[in-house]
Every structure is written in structure tokens, then in C-alpha cells.
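You will see chain A twice below: alongside chain B first, and alongside chain C after that.
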Partner chain A sequence: MTRFIRRYAAFARIAIAQARRERAELYGRAAFFVVILGVFSSLWRAAADAGLPVAAEPRSLVWYLAATEWIVLSAPPIHLDIQEAIRRGDVVYQLGRPVSYVIAEFASALGLLAFRAPLLGLAAFLCAYAFTGWIPPLGALAIVVPFGLAAAALLTALFLWTGLLAFWLQDVSPVYWLGQKLMFILGGLMLPLTVYPEIVRRIAALTPFPVVLGEPASFLLKDAMVTPGALVRNLAIWCCMTALALGWIFRRARVALTINGG
Partner chain B sequence: MAAPSNGLAFARALVATNVKGALALRGAFVLQVVFMALNNFTFFVFWWVLMRRVTTLRGWQIGDIQVLFGIVAAAFGLAVTVAGGVRHLGRFIDEGDLDTLLTQPRSVLVYALGIRSQPSGFGDLISGAIFIAWSGQVSWRTLPVVVAAVVASALIFVACGVLFFSLAFWLGKVESAARQIWELLITFSLYPEPLFGGLIRLALFTVLPAGFVGYLPVRLVHEPSLLHAAVLSGGAAAYLALAVLVFDRGLRRYASGSRFSTFG
Partner chain C sequence: MQPAVELNEVSKSFRVRRARSGGASARVRELFRARTETVLAVDRLSFSIAPGERVAFIGPNGAGKSTTLKVLAGILRPDAGEVRVLGLVPSRQRHALAFQIGTVFGQRSQLWYQLPPRDTFELLGRVYDLDRRSHAQRIAMLTAVFELGSLVDTPVRHLSLGERMRCEIVASLLHSPHILFLDEPTIGLDVSAKAVIRELLRTESERERVTLLLTSHDTGDMERVCTRVIVIHGGRLLWDGPIGALRRGYLKTKRVTLWSDAEHLELAMPGVRVLASGSYRTELEVALDITPLGRVIDAAVRVAPIRDMAIDDAPLDDVIRALYANADNRSGAS
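Showing the complex of A and B:
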């Protein structure tokens, strides 16, 4: 077991070292916080002026968005690397290594996540504070941070699953974009799910998206969507289902590759 | 020097070849088109939910947002379908992939832009057209104005892409950062203009021209006038000229990748 962990921890360490050298994307993502929180603080003010009931507390909504965006932006877009490796045929060389391709990619992505999450978290905190002039109760922040990290790891695994679809689709961007937009709505990226019609909330409950975004971030609102205990249970369920889905799709991809060639 | 008509014929041939290439993988093509269109409609659910609760947002109604969405989606779709290479320009420059194009008797920039086509762009084009039709703010009489607005917006998208990704000539590996700046342009252009004021509004008509990509085309569609048309076409021409200038300057600094490869 220790050998297993050590082996894949090496992938994570290499990814961290690379991320340290290539910080441009991270700065870009931090700049995105400034933009998106600026846009939405303005949007929520406008919505409050227009009488949107939920916008009675625009500052809570800005912090909610800061938390959901922190989770989304911290998860590395690993599907792009996997897609490129498959398109170029490089994946064939990686499959020959004496390690699991999927676990190695996931370990690298977790390394990136470990590097990005603290810096982006700081950017989110500072931007949200700058736009609202208010800080939520520290107890709520203390709950959001660990759940946010776990949710970002689950999201990374979902990106990995999306990337593996490139074995069949060549370009997984549309699947990624669709997943991202579903996450916007069914996860409650911009608006808490409580604002959406009942039917949307029911559909959302059948997907992992609320567990990834809305539920962890809702601790920053007056009424949280779930209790911490329920969120632990939901995260565990979706982590298991994602692991099973990853194993299944990778087995099918290997078969397809063996039959069709790289 | 090649005549402009030759250049246009060349660009047309590139697009035709790309479309044929995309259609060769028909299943993947259809999937990408459908998924992209679904993606755009899914994103719009946010506005649908919000505007059900507030009918106007600083003077903007749901129909105005549909026109904005439609124009930006169709313009982006047109840009990545015809000039899909723009998204890869940073990597071409950084990894020395322009080598093969430099030996061709055609404009390197036109070749680099037209060498790839994004099939999902058709999904953007289709969903853009549906958003515009759905808004109820466009008639057959104003259709030419809508088409002109979409084309101008697409040209600015391409010009901005060239500008941002050409930074690779000076800064090296900037693809993801340039891509993010390009996506910021899209992000800003999808929100109603009255949300932004002061310095941000100034930035949105200069360094990050979401104003030219989304707001001005919408104004042109709402109130067709020579002034709006002149400002929009002037803006498109200026950004295109700047993009060509910056790319040409950068090309002088370009370092070969010493690659022996075929392109396509």
C-alpha cells in the first residue's frame, strides 16, 4: 500500500513542480475571479434594484459565487491534456508504463489541485471581500474549505472521465462545455438551486453537480442546502460512482484501442 | 504578391477542405454540433430563471438578452468554423509549428487561421440563429443588418484571438493565458451592457472589446443607423489591422522549431 501511494505521489510531485514553473494559467484564473465577481456583484445589485427576492442579500450571493467558482477553477482541466495525448497518439506510450494510466493522471491532477486551490482560494477571498466589504462567519468558511477541496477532487475525476471520451469523440470540448453548463444550472454555480423551479431541483438531485458546487457553497448562505453529515454521505456516494464509471470507461477504451490501433 | 481575390479563393478552399474533413467523421461532427447548441441553451436557462423573477434589468428584457446571446454565439461560431486555427495559434508559434507554413506561397496568417476548423462552431451558429429568431426582435427586413452585425463581431473575435495568441512570439508559452483572456472577452460580451460603467466600460471598448463584439452589434440590430454601422465596421477594420500588424511584427521574431512534418 505504501509503495502504491509513493509511486503515485511522485506523479503529484512532478505536477506540482511543473505548475510552479508555469504560473500564467493560474494568474489568468485569479484574474477571472476579479472579472466574474465584479460582473456578478453588479448583476446582483441590479437584480436587487429590480426586486429579485433572493438578492435581498447580494453580498452573501457574491460569497456563494466566490466559493463555487473557487471549486470550479481549482479543478485542473485535465480532459484537455488527455484529449491531446489521445489525438497525438502519445497515450499509447503512456499505457505501456507499469502504472495505471487513469490513477497516474488523477494523481497528477490532484498535485495541480493542491497547488492551485490555496492560491485561488486566497484570490476568491480577497475579491469577494473587495466587492462586498464583508466577511461571512468564520465557522461557515471553516466548513466550506474542506468540503470545497473534496468537491474539487471529485470534479477533477469527472474531468478525467470526460477526457477519456476522446478515445471515441476525438474532440471532447462539446461534452465538457455541456457538462460545465449543466453544472452551472444543476450545480447552482451562479444562482443557488433554491431559486430554480422544482423540476430543475429534482433533476439536479439525480446528478453529482449539487454535491460538487451548490451544497458546499450553501454554507455561506443564511440557509444551507444540507447538513455537513449529509454532504459527507453524498460526496462518498458520488466518489464511488465516479470511480466505477472511470474504471468501466477506461476498460472499454483499452479494448477499442487494441482493436483499432493507436 | 498574391492578388486579394486569390487570397479569398485560398481562404474559401481552406474552409471547404476543413468542412469536408469534419464531415468525414460524421458521427463526431453531429455530436459536437448538437452538444454545442445544447450547451448554449443550457447556459441561457440562468437568464430564463432570473428574468422570470425580474422582468427588466436596467432596461434590458429577456428578448434583448436573446439578441445579445444570438449575435455573440453566431459570431463566435462563424469565427471558429472559418478561422479555427486561431485557437491553436499560440501553440503553433511556441512549438515552431509555423515552419511548414513559412515555405508556402500564401499568407502565413491566413493559412494558420484556416488550417483548422472547429465543427462545434456550427452548433454555435445554429443556436445563435435560434436565439435571434426566438427574441422576436428581428424581421426579414432587418435580417441583412443581423448578418452584417454577426460578420463584424466574428471578425473582431478573430482579430482579438490573433492579438492575444500572438503574444507567444514575445512571451513563449502563453497559450492557456491567452485562451483565458479570449474567454474573458466572451464572458463580458454575454452580459447586458448597462451592468458595466466607468473604467470597465472603457476597457470593454478598447483592450477587451466586448463592446464591439456584443453591445454595438445589438445596438445596430435594435436601431439600424449609418452611425452605428460605421462605428462597428470601423472598429472591426481597426482590430483586424492591428492583429495583422502585431502578427507580422511577431513573425520577424519567430524562431524555427526545426521540425520536419506535414500540416493539416
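Showing the complex of A and C:
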């Protein structure tokens, strides 16, 4: 077991080292918080001032959005790396090693996540505070952070699943974009799912998206969507299902494997 | 002695997508039902390689070389036939086999692009469960042998192709593999970088008794690194034997260069082709099965006094070209 952990921790470590040298994208993502939270904090304040019904107190909503965006932006776009490795044929090296390709890729992605999440979390915190002048109760933040990290890890696994489709598809970006749009709606990226119509909420409950976004972030609202215990259960269920889906798709990919250049 | 590599009637095919010809309706049909075609990349291929042998594995583009290497490395599964590498079945025992083989793919990279090669070397130490101290010694030794010096601490993106390739080979040798599969390791390299890589491969193979199976389109790689050549075409075995035998045995021609007192040496004989003539130097290609070499020399001496001469086998490039052309003709005829 120790050997197993040491082996895959090495992938995480080298991914962190690489991420430290590729910081430009991270700065871009951090800057994105300024724009998105600036726009939405103004929007919700204006909506509240105009007497329009808003899902929750505007400042809570800004923090909710900061949390969901933090989760989305922290998850590394691993599907692009996998697609590129398959296109270039570099995947032959990874497939020929005495390690699980899927676990190695996931470990690398977790390394990237471990590097990005603290920096983006800090950016989210500072921006949300700057636009609201308010900090949610520390107890709520203490719940959101670990659940947010777990949710980002699950989202990373979903990106990994998308990336594995590159064994069949030339370009996985249509699948990614479709998944992302569904996640934004069914996960409750900008507004909590409680304000959505019943039918949407029912459909959303059949997907992993609320577990990834809305449920962890909802602890920043007055009324959380779930209890911490329920969220632990939901995360565990979706993690197991994603792991099974990853194993299944990778076994099929190995059989269907053709590699560029022979 | 157990062979290092053994293939017996191995076949591997791929289904590839083919675009439908036709207008808009064909394109719409394509969206719902793609037209696929089965391409036979390797066709009942058999050969074996003894431990420590250095074998060139050549063939024209699309001949099935890279596919065969990937089957041997356990990356691809054969459709039919038996494969054994170091006594293991690659498709079923890939994990165990991976500890004993190394792979170098000339057009791919295993090094982390933004990081120095040393970081990838350290990662590979973990991947192959190498003892930390002996791994550090191995890195130091290979770094010295491959003359990497400070390159090992330079980010990969700053390395030249030749420097990167030396690092790629070191990365593949770190776990002391018994077999090294190399897929076009000198592709894109300049003449001196190629020479360095060839020399290193040959000496490393001799020093550590590593079996080499090398694909390349460069005859220099074969001649300077390998002792045996396996030629495939259309996925099938075309030739298997020592490189010298291929040179001498397949194309029965010799290159004869004569330096004489005559500025142009006129020799009209059956089976003799003048390749170049002028400045008291004449280069001939002699088909030995039509005219023996002795008769050509006798005839040349009768035309003008000969001051010097050189007799060489046909260049390996010509031999291989002729081999491919014959195979093309045969497959065209059938």
C-alpha cells in the first residue's frame, strides 16, 4: 500500500512542479474571479434594490458563486492533456509503464488541483470579500473548503472520463462543452438549485452536478441544500460510480486502441 | 536458450474510418453511420531474437513496424498468433514485462516538457520501484555515459532534439531493461547527433547485454548499430538475416570505382552500367549474375592502364529499395 501511494504521489509531485512553471493560466483564472464576481455582485444588488425576488441575500449569493467558481476553476482541464497525448502518440509511453494509466493521470491531476485550489481559493475569498465587504461565518467556510476540494476532485475525475473518450474521438471538446453547460445549469453554478423549477431539480438529482457544485457551495447560504452527512454520502456514491465508469471506459479504450503513426 | 523475443504467426488489424465519397447525402449518412475499413497492419509475422542481439526492424511506411513494437511492448493486443517477450505474454503480462523492457519512440516524448530531465528520471525511479540510492547511482552513471552533464538539470524545452533524444534513451535505460525497443530513435537528428546516438546504443547494448530491436528508415542506424536485419512489407516478413548477407546476397551487384589514365573509360558490356564517368574516374555498377567482376576488370585494363580501384557492395539503401520494389511488384501481380 505504501509503495502504491509513493508511486502515485510521485506523479502528483511532478505535476505540481510542472504547474509551478506554468503559472500564467492560473493567474488568468484568478483574474476571472474579479470579473465574474464584480458583474454578479452588481447584478444581484441591483435586482434586490429593484425589489425583484432573489434566491438569497445578495452578499451570500456572491459568496456562493465564489465557491462554485472556485470548484470549477480549480479542477484541471485534464481532458485536454489526455487528448493531446493521444493525438501526439505520447500515450504509448504512459501505457507501457508498470502503472495504471488512469490512476497515474488522476494522481497528476490531483497534484495540479492541490497547487491550484489554494491560490484560486485565496483569490475567490479576496474578491468575494472585496465586493461584499462581508465574510460568511467561519464555521460555514470550514465546511465548504473540504467539501469543495472533494467536489473538485470528483469533477477532475469526470474530466478524466471525458479525456478518455479521445481514444475514439478526434476532439473531445464538444463532449466537454456539453458537459460543462449541463453542469452550469444542473449543478447550480450561479444560482442555487432551490430556485429552479421542480422538474429541473429532479433531473439534476440524477446527475453528479449538484454534488459537484451546488451542494458544497450551499453551506454559504442561510439554508444549505443538504446536511454535511448527506453530502458525504452523495460524494461517496458519485465517486464510486465515476471510478466504475472510468474503469469500464478505459478497458474498452485499451481494446479499441489505435495509435497515431502505427 | 530462451529467445528474448518470439513471434509466431502474429496478426494485428485496425478498423479505420473512411470518408464516404459523394455529395451532401453521403455526408449526412456519414454522421449516422461511419464507413469503416479493416486494415491489416501485421500479417502472420514470425521471427525470434536471441538475448543480446541487435536487430534492425525495417520496412516502408505503413509496413507494420511500429504496430509490431507496440504489440511486443504489450500496448496493443494481437488479433491472432503468439507473442512472447522474455518468456512473458505481453498482452496478458504487461505489468510484469514493463519492468524488463524499455521503449524509445523517436517522435514521442516521455519527458515532462517544462521540467529538467532529472525530474522525469526521479519519477521513473518511483514508477519502477527502484531503490533510491542505486537509482541515484544509475542516473549518475548514465548521465556520464551519455555525456549529459548539466543538460540533466536544464528544462526539456531548452534542449535540442539530439540532446532530448539522449535524455529519452537514458530515461528508458534507468530500470536496467533486458530489451530496448527503439522506434526511429534518430529521426530528425543531424549527422553528428545521429552518430552519437548510434555509438551510445551500440556500446550500451554491448556493455549491459541489452537486446535491441530498432526500427528506422536510416540505413546508417542499421549498419552502425545492428548485426541483423528483419524486413517487413505489408505486415509480412520479407527478409531476415545478417546485414552483410542482405548486402551481398539480395542485390547481386557491386560498385566498382576505377581511376585510370583515360579521362572517360568506355565499357560496353552486358550487366555493366556506368554510373559516373569523368576526370579519370569511372564508377560502374556490375550485375554479377550477368558478368563476373574479373571480366569487367580485364576489359577495363585493356582500354586504359588502371591506377587504382575500389570494389564495394551496393549501398544498403539501393538493396532495400530493390527489396521493397520486388515486394510491391509481387503484391501487384497477385
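Keep this in mind: the second predicted complex is superposed on the first by the 251 of 262 C-alpha atoms of A that agree within 3 Å, B and C clash if a C-alpha of one lies under 4 Å from a C-alpha of the other, contacts with A are read in each partner's own complex, and residues count from 1 in each chain.
Keep in mind that, in the parts below, a residue touches a chain if its C-beta (ideal position, glycine included) is under 8 Å from a C-beta of that chain, and two chains touch if they have at least 3 such contacts.
Because the structure is a prediction, the values reported are computed rather than measured.
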{"item": "Touching partner for A:191 - first (chain B), second (chain C), both, neither", "value": "first"}
{"item": "Larger contact residue set on chain A - chain B or chain C", "value": "B"}
{"item": "Which of chain B and chain C A:22 touches, first, second, both or neither", "value": "both"}
{"item": "Chain B versus chain C as contact partner of A:35, first or second or both or neither", "value": "first"}
{"item": "A:142 touches, of chain B and chain C: first, second, both or neither?", "value": "neither"}
{"item": "Which of chain B and chain C A:240 touches, first, second, both or neither", "value": "neither"}
{"item": "Chain B versus chain C as contact partner of A:7, first or second or both or neither", "value": "second"}
{"item": "Touched partner set for A:122, first chain B, second chain C, both or neither", "value": "neither"}
{"item": "Partner chain(s) touched by A:88 [first = chain B, second = chain C, both, neither]", "value": "second"}
{"item": "Footprint overlap on chain A, comparing chain B with chain C", "value": "22"}
{"item": "For the chain C and chain A complex, residues of the former touching the latter", "value": "14, 16, 41, 62, 64-67, 69-70, 73-77, 94-96, 98-99, 101, 103, 105, 107-110, 112-115, 119-120, 122-123, 126-129, 155"}
{"item": "Parts of chain A lying in touch with chain C, wherever the complex brings them together", "value": "3, 6-7, 9-11, 13-14, 17-18, 21-22, 88-90, 92-99, 254-255, 257-259, 261-262"}
{"item": "Residues of chain A touching chain B in the complex", "value": "22, 24-25, 27-29, 31-32, 35-36, 38-39, 42-43, 46-47, 49-54, 169-171, 173-175, 177-178, 180-182, 184-185, 190-191, 195-197, 200"}
{"item": "Interface residues, chain B side, partner chain A - complex", "value": "25, 28, 31-36, 38-40, 42-43, 45-46, 49-50, 53-58, 118-120, 123, 173-174, 176-177, 180-181, 184, 187-188, 191, 194-196, 200"}
